[in-house]
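In the two complexes below, chain A is the common chain; its partner is chain B in one and chain C in the other.
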Partner chain A sequence: MTDRKLIRKGVFVAISSLFFYVALPYIIYTKYLVQFPQLALESYINWIMRMGVIIAGIQFFKSVSSEKTTRQALGDLLLSIVYLIFFFKLFTLEVVANVTENVTVIISMEGFIYIYLLAALIGIFANVIRVFEVWNSARRSRSF
Partner chain B sequence: MVKISSIINIFSIFLKVFLGIMIFTAVFSLIYVNITVEPAEYGINEDFNIYVKGTIVVQNAGFYEFDDLNITLTFQNQYENETFAQVSQPLGKIPADPSPQYKSFDLQVPLSQLFSYKQLILNDTLILMNLEIKGEYALGLIPFGITVKQPIEWEAPLDQLKVYLTVSDYNSTHKSVIINYEFYSPAYYSYILNISYFYLQNSKETYVDTLSVSVPQDRHISDHTLPFVVPNGSTVKVVFLSELGFTYEVLLEVG
Partner chain C sequence: MQGEVDLFKKYLEKFLYYFIPFAEKLLNYLRENIFPYLTEVTDYFRRLSEKLPVNFEPYILIFIILIILGVIVNWKLEGKEEEEKKKKEKKEISDLFFALS
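Right, the complex of A and B next:
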């Protein structure tokens, strides 16, 4: 792929990430969730949007690199670490809803953390190995 | 060529897909759950326990059952920074069944437990009676809690208690003393109050007498003891004791 194509791909991927992690949560919050102030979700939505900007940046960094390069493998590794932080926070959040003045409902999804942690750590481990694999193959092709 | 990283990554992706399915089914299933706490009945029984009785109706039309369902009754001050008493009752499991399932609870807290806090003996105050239902849904993956807060006017048995002595000379070495006491009795219960009094001199305690008073509901009680003789410079100890389970001591210097 030429540099121009890679940059175009990077911009597209970054904009897609911004749409999914920034624009979409903002639209869902302002259109629907804002009608339930008792859920107090504003700070979580802000956090998702902030993480979305970081994810979009890493996606750009990863996508402007050529296939099977160390930079792309590092981008994948970085992305899996950021996703781990993102979902860890998401699963540890407790939704506190004040249904009436005297009735409060608290729901949490913390039971999912362990499965996600296992999946994410396996993913990170795979990406670490991939960085070494790509780096090693690049080193070998250079020596040839 | 198949890389080791790709094989490991497949496991990770498989787990993430499994997690996604679990989340989707659990959240989707939760939509079909309906929990109702029927208005609870509360009061003080003949054993001087505060009781709260009620029924929880659960319509669990989802795919998963409820585990470790537990109900807790907590008495707290109105600022929620001090817990006076707490009692729990397990409610067990609720299987996935669309028909209404009833779980009754009967929670009791002895009044004596609340009377270990001095402010609840001496002052009418607003306290919170919290009923909290806790449990886990979808194989323990979704813990949840429902809290119902009920503010109640706590009626102290010795509200605004005032104790003072009327002292007169008996002879050159002794004085004649009358103990005066006044307080407001609680609005929703009556009880028997025993008032024992002693005098202390040189670290030696001497018992004088015990009064037994029937305290009616919602009155201003004002009374005194019969006169008794104490040595000069002694201290009078008055002990208020009740079948409700409280003991309150007052020390007064004989002037």
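Right, the complex of A and C next:
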């Protein structure tokens, strides 16, 4: 038997993630950003949508588990790894803006890569420790 | 209200006055001592991000797999815990009634 309360929570979280990562960028792109063809933002939006689908799935997996369980900690770990790949992809992409016929500006966020990588690696390390901590505490409580 | 805004601005200026040189020092330290060790990790992620599929189908497949996995985990573990909790509660209530009678 499933825990309906948690399933409902998971569905809500997954739908809201899909809205913020897939529907909203798509609406913003097709309604507003399409009017600026000189800004090539299509790849940005596509990557946000692609990774957003995976993030929504992991959010569902995380939310259907009750608090302080190994599976929720595992969901957090997966989420931090996916966020790292997602932001890494975004930072390595370049926005090419054709200002005039002769002037082209390339906007790159490569400078953020190292600082974000450092922060994300520390976060992943913390999540790995948390998985073991939660797993160990669950094992201990079971043995008592 | 204006006085509060001015006070906030004053504190913000003070904070930035001390924070910006500290942040610059920290960034320089990271650039010299930590970031060179991260180049291999960066290269690995660069290769990985280049290999990521461009189609939507694999991502949707992963999403569906995660949803199914979540439902299975919920069904196998959470439901069981919930049932055990309910059984425990029922047993406690029946014990209480037994003790009262």
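Note that in this section the second predicted complex is superposed on the first by the 142 of 144 C-alpha atoms of A that agree within 3 Å, B and C clash if a C-alpha of one lies under 4 Å from a C-alpha of the other, contacts with A are read in each partner's own complex, and residues count from 1 in each chain.
Throughout what follows, a residue touches a chain if its C-beta (ideal position, glycine included) is under 8 Å from a C-beta of that chain, and two chains touch if they have at least 3 such contacts.
Predicted model, so just to flag it, every value in this text is computed and none were measured.
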### Task
Please indicate which partner A:Leu6 is in contact with in the superposed arrangement: first for chain B, second for chain C, both, or neither.
second
### Task
Pick one for A:Ile85: touches chain B only (first), chain C only (second), both, or neither.
second
### Query
Which chain, chain B or chain C, is in touch with more residues of chain A?
C
### Query
Between chain B (first) and chain C (second), which does A:Ile115 come into contact with in this model arrangement: first, second, both, or neither?
both
#### Entry: Intersection of chain A interface sets (partners chain B, chain C)
115, 118
### Task
Can you check the complex and tell me which residues of chain C touch chain A?
27, 30-31, 34-35, 38, 41-42, 45-46, 48-49, 52, 56, 59-60, 62-67, 69-71, 73-75, 77-83
### Task
Could you please specify the touching residues of chain A with respect to chain C in the complex?
1-3, 6-7, 10, 14, 49-51, 53-54, 56-58, 60-61, 63-66, 69, 71, 84-85, 88-89, 92, 113-115, 117-118, 121
### Query
Can you list the residues on chain A that touch chain B in the complex?
102-112, 115-116, 118-120, 122-123, 125-127, 129-130, 133
### Task
Give every residue of chain B touching chain A within the complex, in rising order.
3-6, 8-9, 11-13, 15-16, 18-19, 22-23, 30, 136, 138-151
